[in-house]
Amino acid sequence: MSKKYIDIKKIKKRILLEKIAKALIVLFVAVIPSIPIWLMYLGLIAQAFSSKVTLGIIPNGFTLKNWRFLWSTIQMGLKKYPNIWPITINSLYLALGTALLVTFVAGLAGYALSRMEFRGRTKMMEFILALHAFPSIVLLIALFVLLNKLGLYGRGFITLTGVMITKAALEAPMGAWIMKGFFDNVPWDIEWAALVDGCNRLTAWRKVILPLVLPGFAAVAVFAFLAGWAEFIMAFTFIREDRWWPLSVMIYHVIGEYKFVDWGFLAALSLFYALPTIIFFVFSQKLLLRIYVGGVKG
Amino acid sequence: MVSVKLDKVSKYFGKVKAVDDVTLYIRDGEFVTLLGPSGCGKTTTLLMIAGIYKPTKGRIYFDDIDVTDIPPKDRNVGMVFQSYALYPHMTVYNNIAFPLKLKKLPKNEIDKKVREVAKLLKIDHLLDRKPSQLSGGQQQRVALARALVKEPDVLLLDEPLSNLDALLRVYMRAELKRLQKTLGITAIYVTHDQIEALSMSDRIVVMNNGRIQQTGTPDEIYSKPSNTFVASFIGTPPMNLIPCRVIDGKTLECLGFKYVFKDEIAEKILNEHKEVYFGIRPEDIVITNKDNGDAEATILVVEPIGKDLVITIQLEEEHTIKILAPPSINLKPGDKIYLKFKKEKIHLFDKKTGQRIEYIIKKGEE
Amino acid sequence: MPSLKNLPRKILPWIFLAPLLFMIILFWLVPVGLTVFLSFTNVTYKNFVKFVHGVEGAFNFTLENFHKLLGGDPYIGEIAKITLIYVGSVLAINAFYSLILSISIVYLVKNEYLSTFMRVVWLLPRITPAVVYGFLWIWLISPDTGPFYQFFASLGVAPGSWLLEKPYSQILMIVVNGYVGASFGMIIYTSAIKSIPEDLIRAAKVDGASDLQIIRSIILPLLKWPMLFVISWQTLSLIASYEQILILWGSYGATKAAGTTVFAIYAWFKAFEMGEYAYGATVSLVLVAIGIVLILLYFKIFGFHKLMQPSKIEV
């Protein structure tokens, strides 16, 4: 390198300029547009715990008054909302039921798709991928008619169960898809080794493969749980009796009633509802991201 | 062309000391090889010279310019990666032209240079192809062309031949060496293959665990390994290291035999050490008769490799060593044989530190 | 279980698949058929109960719904236009904006913790339950305390209501869904960027490229497929997405005033607010048809194997 090429001052200046350009891009593309997100969540927390909030997000005076719905009934004029705890149990029922069903169905199907030879296997996979891409929400009207035909509409707990099964059915193709991916990652020779060591296919499944795909089951279960927990439209459309609402539907109604009136109360209620999701997400972020990427859900 | 100097350079990744206190001087136009097992810090060293990594400690100089804080762009180095790292979406032509385009050279000049270097490397018929349409050897040449086209002051090569098949590898060794000498370019070559290192380099730097073990010409590395690591890393099969106790200044009690030096100087040096390794390369052991033998042994395995036989023998208990013998010898496992060690080829290493013990054998004494 | 061991190999896979197939048939295929069926009937809230109970003569077959869809319904044109604007704008955010967002976050931000943190922040809109996310927007734009409202008011943009005044309401619809969609693109893109071999970036640096040049000549060209994928997939889910619109506006009257009646929500309102189940199904049928056609098209153009690897880069 002949010395004439190196002008350290100039290089340093250029590096500095590049750094500034990059920082500006990050600022304008990633930081400033994220301000509404920040405002939302800081505001949510600030409102939920303070009696007065200035500028939307600056808390002023700590209080738990906004959380009164945990120990007393929500009432607006003459309108009384059901107690929060049975509603929370409805949501848990919906979410856990969905998780259980999806995990069961997807585990079996994923294994068959990944490991077994049968006629039309490729076609079946294409079909499942297609379902998975298809926006199931457009079938809502038909599903409504179907639930009516099956006698599941307007019957409280049974309707809630109907919503749960429908939700599970809509999530199941994706679950099967994800499980197939996890099974694909178990090397064949491990299964062969197990077979050679004297397991039949079922014991091989239980003793050798299951431990290896347990993260897959966990992922599908968490994913289906969150989907069930967040489910709104079907529950909103299908469940008439407020006693059997899940949290999402109750919150929707309460928001309609209380907006502009009591933001703090709404914030506390929303936080109460969103907390499990956020906690789950923080703890299983890597797993969930993997699903989002492989799972391809819009 | 430039000389490259690394002055007490270290690179830590968290707790991992990938490169640890490396000091090295590479002369203008020299071909230097970094040799060591995988994970010993060779690539990291190369990437610091390229400017991709910044050293945690220490400085790097090109001639006498401190380039430690200078980005790769301004160092004028060319690099060939182990994976070749060809841009998959560009044609061969655009791959080679890329460094020149970034320098904003005029189009016709770029074209001239690309075609020149393509011709030099005999890839001028491949210019319109995409990297995925090339064989491993062709990809390797494209990578080399891309590194050479900008007429770099230093050429860095990270295991460039490791993805090629054996025959091509031997051919490319010679080719690379010839190219480097014609262009007179300073080259730093990384490999874990000692044969490559021994056959191509002006000097070899043996590394282990991020530290330099020895720097020297291939001949020095081979005939005067400075510690047990280098001794056992170089040579196929590598040097035999037999643990010994020092009885007195002249006598070693080794596993399976007693060895007496007939030399005064050896005595002096040996007095300073309690336990040593007796090092002898397989080709420096001769099979002889009982009267001339230094040691007695039993044959375990006889394997032909190429033109020679590698014979694994047992000295005592579990300790085995290997010797090289001409194929004419008629031996089979279980045979008892007598060994003679070529006296001037005996290496001694301190058992605790692993360091070479320097001593002089007077020629002609036997 | 030895009895299972002896089952013919041909049957076992189908036993494993049976629960899934049952669900698919009952909750996917039957509803698609039902949507088609309903479109050719005159089922409304008036004869719905009889229809459900299978009372003879409860309904008639008719083509009236299709006549309505293709000319009788004066709002269809408007709704199609809104849907187009909605899908187009949100798609642009999801596919292009989130591309530069991802590059900024995973390539330009070198600190790994900061980068992960930013990613999580940008994922929040997606993982938050829809009702809560919708509520937070209602609060952000409320004139009394909403910081979003107040910020724009201080710039002189102060509509009486962001929810009800065009074009602010339409901008709101796009922004609200844009944030959710941006994170989908981001998930695909960030994993694609991370799968670019480190050596490729290093080689470009040695060749003399700056970070911005690397983005332009290496990263962007390599992200061609992920981008195509995001566009294709998001088109499909956007034409049918209306959850946020329902949560924010809630009634046909409100979406009509706000100009946010997209096709999918129109079907919902028709069926569940006005009781025109058959006509609602017909509007849905358009979306079902578009969905099926697009999926077939994608399979034909890209092929199954490519669709399975959304974030694969061409190396």
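When the chains are written out, they are named A, B and C in that same order, and each has its own residue count from 1.
Everything that follows uses one rule, which is that contacts are C-beta pairs under 8 Å (C-beta built on N, C-alpha and C of every residue); 3 or more make two chains touch, one makes a residue touch a chain.
Keep in mind the model is a prediction, meaning the values are calculated, not measured.
Taking each chain's centre as the mean of its C-alpha atoms, the one that lies farthest from the centre of subunit B is C.
Comparing chain C-alpha centroids with the centroid of the full set of protein C-alpha atoms picks out A as the closest. The distance from the centre of subunit A to the centre of subunit C, each centre being the mean of the chain's C-alpha atoms, comes to 15 Å. We define each chain's centre as the mean of its Cα atoms; on that basis subunit B and subunit C are separated by 58 Å. Residues of subunit C in contact with at least two other chains: 210.
Touching two or more other chains at once is no residue of subunit A. Multi-chain contact residues of subunit B (touching two or more other chains) are listed as 71.
Those residues of subunit A lying in contact with subunit B across their complex are 1, 3, 5-6, 8, 11-12, 15.
Taken in their complex, subunit C has these residues touching subunit B: 197, 199-200, 202-210, 213, 217-218, 221-222, 224, 314-315. Every residue of subunit B that touches subunit A in the complex is listed here, in rising order: 2, 62-63, 65, 67, 69-71, 74-76, 153.
By the touch criterion stated above, subunit B contacts subunit C in their complex at residues 47, 50-52, 71-73, 77-79, 81-83, 85, 87-89, 98-99, 102-103, 146-147, 150, 156.
Within the complex formed with subunit C, the subunit A residues making contact are 18, 21-22, 25-26, 29-30, 33-34, 36-41, 43-44, 47, 53, 55-57, 104-106, 108-109, 111-113, 116-118, 121-122, 124-126, 129-131, 133-146, 148-149, 165-166, 168-170, 172-173, 176, 200-202, 226, 229-230, 232-233, 236-237, 248, 251-252, 255-256, 259-260, 263, 266-267, 270, 273-274, 277-278, 281-282, 285, 288-289, 292-293, 296-298.
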